[in-house]
Structures are given as structure tokens and as C-alpha cells.
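Following this line, the structures themselves.
Note that subunit A is present in both complexes that follow, paired respectively with subunit B and with subunit C.
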Partner chain A sequence: MEKLITAYTYIGEGKVVVNKQLIFYQEKIATFAEFIKALYKQEQISYPKFYKMDSLSKLGFMCAELLLRHEKPGRFKPGSLAVVLANSSSSLETDLTYQDSIKNRSAYFPSPSVFVYTLANIVIGEICIRHSLKGENAFLVSEKFNPRQLLDHVSDLLDNNRAGACICGWVEILGNTFKAMVALVEKENDGTLKTSFGSMPFTEASLNELMNLTEKSIWKN
Partner chain B sequence: MKTVYTVSENIISSLGFTARENAVSLSGGATGIKLHNDPKLYAQPVPLSLVDTARLEQNFEAILGKYKKDNKPGFYTRLEKMLILSVADALAGTPVRPENEKVLLLLSTTKGNIDLLEDRFTAKFDHKRIYLWAVANILKDFFGFINMPLIISNACISGVMALIVASRLIRSGKYQTAVVAGGDIATEFVISGFQSFQALSPEPCKPFDLHRTGLSLGEGCGTIVLSSTGPEGANSGILLMGGSVSNDANHISGPSRTGEELSMAIDAAIGESGSLNRDIDYISAHGTATPYNDEMESKAISLSKLNDVPVNSYKGYWGHTLGASGLMESAALITCMKSNRLIKSAGFETPGVSERINVITETIQKPLDTCLKIASGFGGCNAALVFQKT
Partner chain C sequence: MPSRIFVTGLGFISGLGNNVQENLNSLLNLRSNIGPIRHIDTNLKHELAVSEVSMTSDELMRDAGLPDDSAYSRNALLGIIAAKEAFSHAKLDKHPGLNIGLISGTTVGGMDECEKYYQDFLTNDSKNRFIETYDCADSTEKIADHLGLKGFMTTISTACSSAANSIGFAARMMKAGKLDCAVAGGTESLTRFHLNGFNALKILDKFPCRPFDATRNGINLGEGAAYLVLETEETNQKTGNPVLCELVGYGNACEAFHQTASSPDGAGAYLAMKKALDMSGETPDAIDYINAHGTGTDNNDLSEGRAIEKLFTGKIPHVSSTKPFTGHMTSAAGSAEAIISILGMQQGIIWPNMNFSNPMPELKFQPAGEIIRGVDIKLVMSNSFGFGGNDSTLIFKKHGVH
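So, the complex of A and B:
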């Protein structure tokens, strides 16, 4: 059974590309916080919990939001849309913030609302809450983007009907260096899947291509 | 579809350095959780289950000799030493060759070398060692695995999830053998974090008990070798038959109010195994002894109609070991299946969850053919795994 990438979000080098369309661009990025806030405002998203999230969750949340916002409600049955994400530095960005809060015994302020984000998979939890996703989920860590690991795991989910579709990709942030690529992968059962950017098979090559979008410049119309 | 055999297992905890040693301690019923007064770990005394440092150093020295590795003093971190010992013990006596291209190493950890963020370590270790993949690379290089390790960091279900992911890769024929290792250490980072949640119990934790007062933290490692090739000899016929993962989609730090999502994972895992819910002989629960976790688990067990199945939590023995827990507890479950023994749930006296469940109060012999391991964690994640005798 063929599996296709039917939508994707790319965030990197100040650019946000959704399904081949450049939707947002900041030439000079001061901080991630400013970048993501500007994107959130431009896209007129209204989700107050967003402001409580750590950077990794904000990055993953925005990717999923831009990926799923035009989907018809009910297109995915409850439990049928899986989430598989990966990155290199896990939750290190927030680990450093948390460690700072306990460095000094005379100014010791460990906060549960920071501590909870010192787990890489919380970003998946946030996406699942937002979109009511109750199915399979996994967070993988690899030094560099490893399309083979994502492909193997996601293919198993779809091939064995553990999921009907899957959101998968890479969400990496450390300091003000960040990059994300999240794709929606679906099974092609009867030739009815349509995309605005042509047919893209779910392969290592496609994942690599999407990860290097700005180099390939395929977002330019 | 290939069959997935469990080939060997190791547990390193406060109770011992091998699965057998831990099994003996568990049968004896003594807890490894003790009040520790170590200012490097926490400003106040706190109950913890810690791995014996002197023995860790001694055993590690011996393994360096066995593997003919140079002793580079100060090179390996505490977690890396524990993981190397755990993997070495699990590989000993098996025909598994890490340099084989059909062998995959999986690492389950939530925080890796998180202690390296402390001032006392920052100057001693390369800053890259803080990355989870750096820990996996240390294992890869030590044993000579040629494939890129697969790392799972999915809160407290990491260990169970790593076993599920490994079993799927074997079943589909992508790999023949998986060496699945998990480890996490007790650090100020983790202790202060759970303390900030007011989740830590002032005494050894009491899973499922009416008077439970929160969780106890621990450290440790577990390794399970899985293979599509049946093991030779005595260590035998226990198969990993199915597994499933779900999400509550409810709250990032509180479990589901209904237990419905864990129950979904339980039913899917049992379904995949080809068994029926009534075939389950024993459940190794997550049982953290926080009010909400144990309550949610009881609801899930009840929704899956497993109310009469004997259930225990190992957290009362070696605390919550985070990314290691799923592997240590699954390894303990395997040793219980081999010896047909149900271990009493330490700390449990009076039922303290709303659904009727059958918590084990006495260590007894009972035939165990089909068993269930469950886990839940922050981020709303749940996982279930079914083991069965051939």
C-alpha cells in the first residue's frame, strides 16, 4: 500500500512554508520567542494555552496547527491519527532554564510549570490535547535528522493499521536556533488523495527534500 | 510475521546488579528505598532507591578488563557505567554479536546525563555528553554496534515503548535482534522537580494503598534482548506478543480522569497478542503511588475487565526509575514468569482506589502464561505490552 505525504509545514531560516507556499518570513530573527509570537499573531490563532508552553512545544504546536487547520473536522477518526516526532536536543532548552532555577540554594525556585516541560514528548501531549488525538505517539532522539528511523516506525503504524494517518517530523530548538519539518502521512487506498503540491511518496528522499526546502527553493512559486 | 523471543534480561537497582539478584530480593520482600541525606542530591533528607556506588565502580572496573578497554579515569558518567554494565550482563552468554548489521541497539531514557548540567560536572565532561544521543553513542562504541542506535524519550513510558518499537522492527523483519536498554539516575534536577509538584512521599511509596502519599524516586537500568531467533538452552520461551501506545489528550501533567485511553492501549495490545482479556494471569502496573495515577490505572484495569487479575507495582521496591522503569519492570515480569511467582506489591495494605482491583498481598507461586505490563506518563502517554510463554 502506498503512503503519501499530503501536507507539510517547514520552519527554518526565518521562513515558514506550508504545502509549498511561503506564508511567513522574518529576515532577521532576534529571538525565537518574537518569531513564533509574530507567526501566531499573523495566523490569527486563538489558543491561550499557547503562551504557557515552552519553546519546543510552541514550535511543534505551530507546525501541527498550520498542518491541520484546513482539515475538515472528523476527517480523522478518534485514535486514528498518530504523532511521531524527533529531534537532537530533546528538551535541553527547557532543561537549562530549569537547572538555573535550582543552581543556587539561597535562591531556589524550582517551578512545576517549567519542570513538566523538561520532557521531550510534552510537545506531543500539547498537540494531542489541541487536536484530540488519542492514538499512537512516540518521541525519538537522534544526533542528526534520521529519516530512516521515522520511516520505519511510521510505516509500521500505517501498514499494520495501528493508525490511519500520522503526523511526523523533526522539531529542534536550542536557544535561538530552531528548525522544524512536520508532515502529514496518509495511506493511498483508492487514488483519491489530492494535494496542492503534486504527489509526494512517503520516502527517505521526500523527507530529506522537505528538511532541505530552502536549499532546494521549491517553495518559490 | 516473525515471532519475537525474549532472549535475556538484566536489572541494575538498589536491590542488585543482575535480574536474578533482583528477583531474589523481590521475593524476600525488602525494599531498596531508604532515607538518604546527601546534599549533592537534595537539601533535605529524602527517601530514594540508589544503586550502590562502590559496587558500581568495582563492577565497572571488571567489565573494562573483560572487554579489554583502557581505563580512562573520569571518562564515563554514572549513567553510562550503569548502562554499560546492564548491556554487558544481558549480552553475556547470548550469541548476539553487536557488529552484526541485523542487530539494533535501542536506548530508553528521560534525562540521560542530566547531572552534567551541575556546576561540579560541567568542567569535567565534554558539553555534548548532555545529549541523549551521546549516551547511546558511548554504548554503541563500547560494544561495537554498527547500526545507529534508536533512542526513545517519551517520559515514563519510554521503556515499555522501546520494547514495543523494538518488537515491531523485529516482527517486520527489519532487524533480527534488538538490545533494548533503559536507564535514568537520581539527580537534584529530578528530585527537586518532583518535589516542586509535591509528588514525593516522605516515606517509601505505597502504590494503590489508601494511605499512599506520593511517589518515591529511584535510579537504575534494565536491558532486555529480543530476537526473532529463539534462544538456546534454559532461558527460554517467553515471547513478546503485542504492544500498543495511546494518549489521553487531556492534560500534560495529570492522567486521564476515566482511564479510557490506557484501557484502549491494553485492549489493543491483548488483541494483537491473539489472547483474550480473560487469559491475562498477571499485570505489572505502573503504580507510582500518586493519588491520580493509581486511581486512573484502576479505572483502566476495570474498563478492560481485568479486575480479578493479580496486579502489583515494583515502585515500592526500587522507586520510580523513569526511563528505566519499563525495562526493569518488564525484566522483573519475565523472571516472575520463569519462576511462576507473583511478587507482593510492597507498601500495599488497604485498598485505596475507586475500582476493585486484585493487588497482590502475598508472594505466592502461580502458573503465569500470559502477562501484561502497563505504563503511563507525563504528556498523557500510555503503553501496554503482552508477554506469553510458548
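So, the complex of A and C:
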């Protein structure tokens, strides 16, 4: 059974690309917080919980938001959409913030609202809460982007009917260095899947291509 | 693919006692040990009621014959006692060549020692041996060492559903042919950190908890460890162990509603119970007893109660929460309550939901207020629900009934 990438979001080098379209660009990025807030505002997303999220969750949330915003509600059966994300720094960005708050005996202010984000898979939780996803999920941590691992994990879910479709990709942030690529993978059952960017099989090569978008693979608005 | 999973060993330590028999005696005598904090050095000492294992960590160390300069978290110490009891119960040491897995749930990990010495770690070398105990997997590795297990082991941290998920995961591994048998359950010790965390959520009661009561006002935290030995049918033919009961269903669902709270309609609780029931192939009418998660919080008991009413549209089985006995053992709750349910099945007893007096206006059913003896219990359902609606249900069936 063939599996296709039917939508994707790429965030890197100040560019935000959704399904081959460059939708946002900041040449000079001061901080991640400003960058992601500007993107959130431009896209006119209204989800107040966004503001209390940590950086990793904001990054993953925006990727999923841009990926799913044009989907018709009800296209995926409840419990059928899985989420498999990966990165290399886990939740270190927030772990460090939390550690800062407890390192001094005199200024010891652990905050529960920071603490709850000191796990990498909370970003998946935020995405699931936003889109009411009740399917399988996993967060993988590996030193480098590992398309083979994603391919194996997602293929296993889809091939064994443990999921009907899967959101998968890479969401990495540490300090103001960040990169994300999140794709929607679906099974091609009857030749009816259509995308605006041509047919893209779910392969290592496609995942690598999306992680390293070149100018020619981006349409500028 | 082996389809049947038998329970052949039990091990249990809690505030009620240091082994299965002591726990059973306390249950039969309706003895709870929920009371003031004795072991933990906290300024909440007089604010909260908890259930602590009677021995201090130093006493547990001495009891296990461990040298003073070794580093053991209380989680590891409690886990070793309960896992050893289950292991010996099933005489697993007498059957060399079995591929035995260890799956242990814990979420607190080694916080108990690390929170005492955290500020000293940079300057005091003598305490640095505790740093490695912080990781949740440390207690699992120490338990494996003490049982002499060198095969598959893993640690599951899904808060209050950890131990139930360990049991479900062990069954999956066995059905997939990856293990012949498994020691599965969970261990959790009380620490300042999670007392403070639950306290910050304002869901702890300073009085004994009252699950499913209209006046319920929160949780009493508890501690302890509980493990089950699970064998496939094929392995059981080799060991010849008496079968205590069969694990016929398990289900886990995540409801994607909120980071900590359960949805008011109990969507996750319903899904978990439904999945377990579907796997068991039984109808809702066949369930004789539900050991509810029943924490005593507003949120849990309402959503769990509604989910029970949604699934059991006909007659609602006997329901009770045994947390007024043990306190909420968080990551060990799933296996502790599985054992309590199995003991009830063996004794023909429906455990009472202690401290219940005022029915909840939102629910049509009431929990078992008194102990009920002489009941033929064939099927029990045990619920364990974690933060964020990570909900799990186990179903055990009396052996030899059809």
C-alpha cells in the first residue's frame, strides 16, 4: 500500500513554508519568541492557550496548525490520526529555564507552569488537545534527523492499521536556534488523494527533501 | 500467538502492610492507616493526611541488608520488597531458562533522596551517589538486580495509570512472543515534591478521603509497591504454578482534553473501560465488581461515575474505591488495586468504599458502603486514571469459569 505526504509545514532559516508556498519570512530573527508570535499574529490564529506554552510546544503547535487548518472537520475518524515527532534536544530548552529557577537557595522559585513543559512529548499533548486527537503518539529523541526511524515508526502504525493517517516530523529548538518540518502522511487507497504540490511518496528521500528545502522547491507568494 | 495471560504471583507493600497477607488482614479488618505525615520532613506535616509504609528508608535498607554507603531511593526499596514477594510466590527462581521481563511503573523516581541533597550536590561528594537514583529507570534496574533478571526491562511513567499500563504492556509483550512471563506493576514513594505538586493543584484533603461522596474534598496520597507475575498459558504449563486468575482485558486511552484534568463527561474513562471490555469479549452485565479509580476529587469521581453510567446501561455492578484504605498510591495504584481486586475475587468479598455517606446528586448509582461477603465474583474491572486523561482499565477473570 502506498503512503503519500499530503501536506507539510517547514520552519527554518526564518522561512515558513506550507505545501511549497512561502507564507512567512523574517530575514533577521531577534528571538524565537518574537518570530513565532509574529507568525501567530499574521496567520490570525485564535487560541489563547498558545501564550502559556513553552517554545517547543509553540513550534510544534504552529506546524500542526498550518498543516491542518484547511482540513475539513471529520475527514479523520476520531482516534485514527497518530502523531510521531522527533528532535535532538528533547525539552532541554525548558529544562534549563526550570533549572535556573531552582539553582539558588536564595532565589528558589520553582514554577509548576514551567515544570509541566519539562518533557518533550508535551508538545504532542498540546497538539492533541487542540485538534482532539486520540490516536497513537510517540516522541523520539535522536542525535540527528533520522528519516529512517520516522519512516519505520510511521509505516508500522499505518501498515498495521493502528492509525489511518499520521502527523510526523522534526521539531527542534534550543535557545534561538530552531527548525521544524512536520508532514501529514496518508494511505493511498483508491487514488483519490490530491495535493497542491504534486505527488510526494512517503520515503526517506522525501523527508530529506522537506528538511532541506531549496529555493526551487518553494513557491513565493 | 499465545492468547491467554495468567496471574501466578502477587507482591504488595503499602501503608496497610509489608506483604500480601498483611495487606489482606488490614482490608478484612477494615483498617486504614491514613493519618498524619510521619516520615517526610515537610512543613505540610500537620496539614495533610497520607498513608505511609510503616518503615523508614533506613529501616528498609537495614532490612534488605544493604550497606549504608549504597544509594537506594525509597522507590527502589519498596519495589524490591514487593517484586521479590511476587517473584518468590511464583517460584520463578526454580525455572531457569524462562525469558522473564520486568516492567515497572514509577513517576516519582528518586526524588525522595535527591530533593534532600539537591542543594548539596555541587559541594558535597558524599551525597553525589544519589544523583543516579533520580532517573525513574534506576529503581527498575535495582529491582532487576535483586531478582537476578538480565532480560527485557522497562519503566513506564504515565502518572497514576503507570502500573496498570505496565501490566497491559507486559501482556502485549507476552502475546507478541517477546516474553514467557513478566513481573509487572509499579512502585511509588511519597516525596515533598509530589506532595507539594498535588497540594498546589488544591486536590489534597486534610481529612480521610471520601470517594464518590457528595462532600468529597480531595486525595490522600499513599505509597508502596505492588507487582504481579504474569505467565503465558504455555509458560504456565512448564511452571505448573497455580493460576490465581486470568488477565482477560486491558485498555488505555488518552482523551486529549486538558493537561491535568479529566473531561467532565469521562470520555477517556469510558474509552479505557470499553477497550478492555471489548478485548475480554464479555458484556457489561458480566462484570461483578469495579475497583474504581475513585480518588475523591470532584473532577475524577464525577467523570468516572458518568463514564460508568454510560458503559453500564443495564445493571451497574458493585463499585468501590479502595483508596480510603491505601491512600492514592499514584504510579503503584494500578497494580495495588489489581491485587486488591484479585484478593476480593479469591475471598468472595466486595471491598467497601469507606467514608461514604452522602450520594452524589449527579449519579444514579452509589458505591458499596459496607463490606459484602459471600459474593461469587467471576470478573473484576480495575480502573486507573492518570493526569491528562491517560486512562487505563484492567479486567481479571476467575480461573476455570466460562
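General observations
Quick note on the criterion: the second predicted complex is superposed on the first by the 213 of 221 C-alpha atoms of A that agree within 3 Å, B and C clash if a C-alpha of one lies under 4 Å from a C-alpha of the other, contacts with A are read in each partner's own complex, and residues count from 1 in each chain.
One rule holds in what follows: a contact is a pair of C-beta atoms (placed from the backbone, for glycine too) under 8 Å apart; a residue touches a chain by one contact, two chains touch by 3 or more.
This is a predicted model, so every value here is computed, not measured.
Bringing the complexes onto one copy of subunit A puts subunit B in a clash with subunit C. In the overlay built on the shared chain, the residue A:Pro112 is in contact with subunit B and with subunit C. A count of residues in subunit A touched by subunit B and by subunit C gives the higher number to B.
Shared-chain residue A:Val141: touches subunit B; no touch with subunit C.
Of the two partner chains, subunit B and subunit C are each touched by A:Ile129.
Counting contacts as defined above, subunit A residues 102, 105, 112, 115-116, 122, 125, 128-129, 131-134, 137 meet subunit B in one complex and subunit C in the other.
The touching residues of subunit B, when paired with subunit A in their complex, are 43, 110-112, 114, 117-119, 130-133, 137, 148, 150-155, 161, 165, 168-169, 172, 174, 188-189, 192-197, 244-253, 261, 264, 268, 377-381.
Note for the complex: subunit C touches subunit A at residues 118-119, 197, 200-201, 253-260, 271, 388. Against subunit B, in their complex, subunit A makes its touches with residues 79, 83, 88-90, 92, 95-96, 98-99, 102-103, 105, 108, 110-112, 115-116, 118-122, 124-126, 128-129, 131-143, 146, 149, 152-153, 156, 159-160, 162. Interface of subunit A with subunit C (complex): residues 102, 105, 112, 115-116, 122, 125, 128-129, 131-134, 137.
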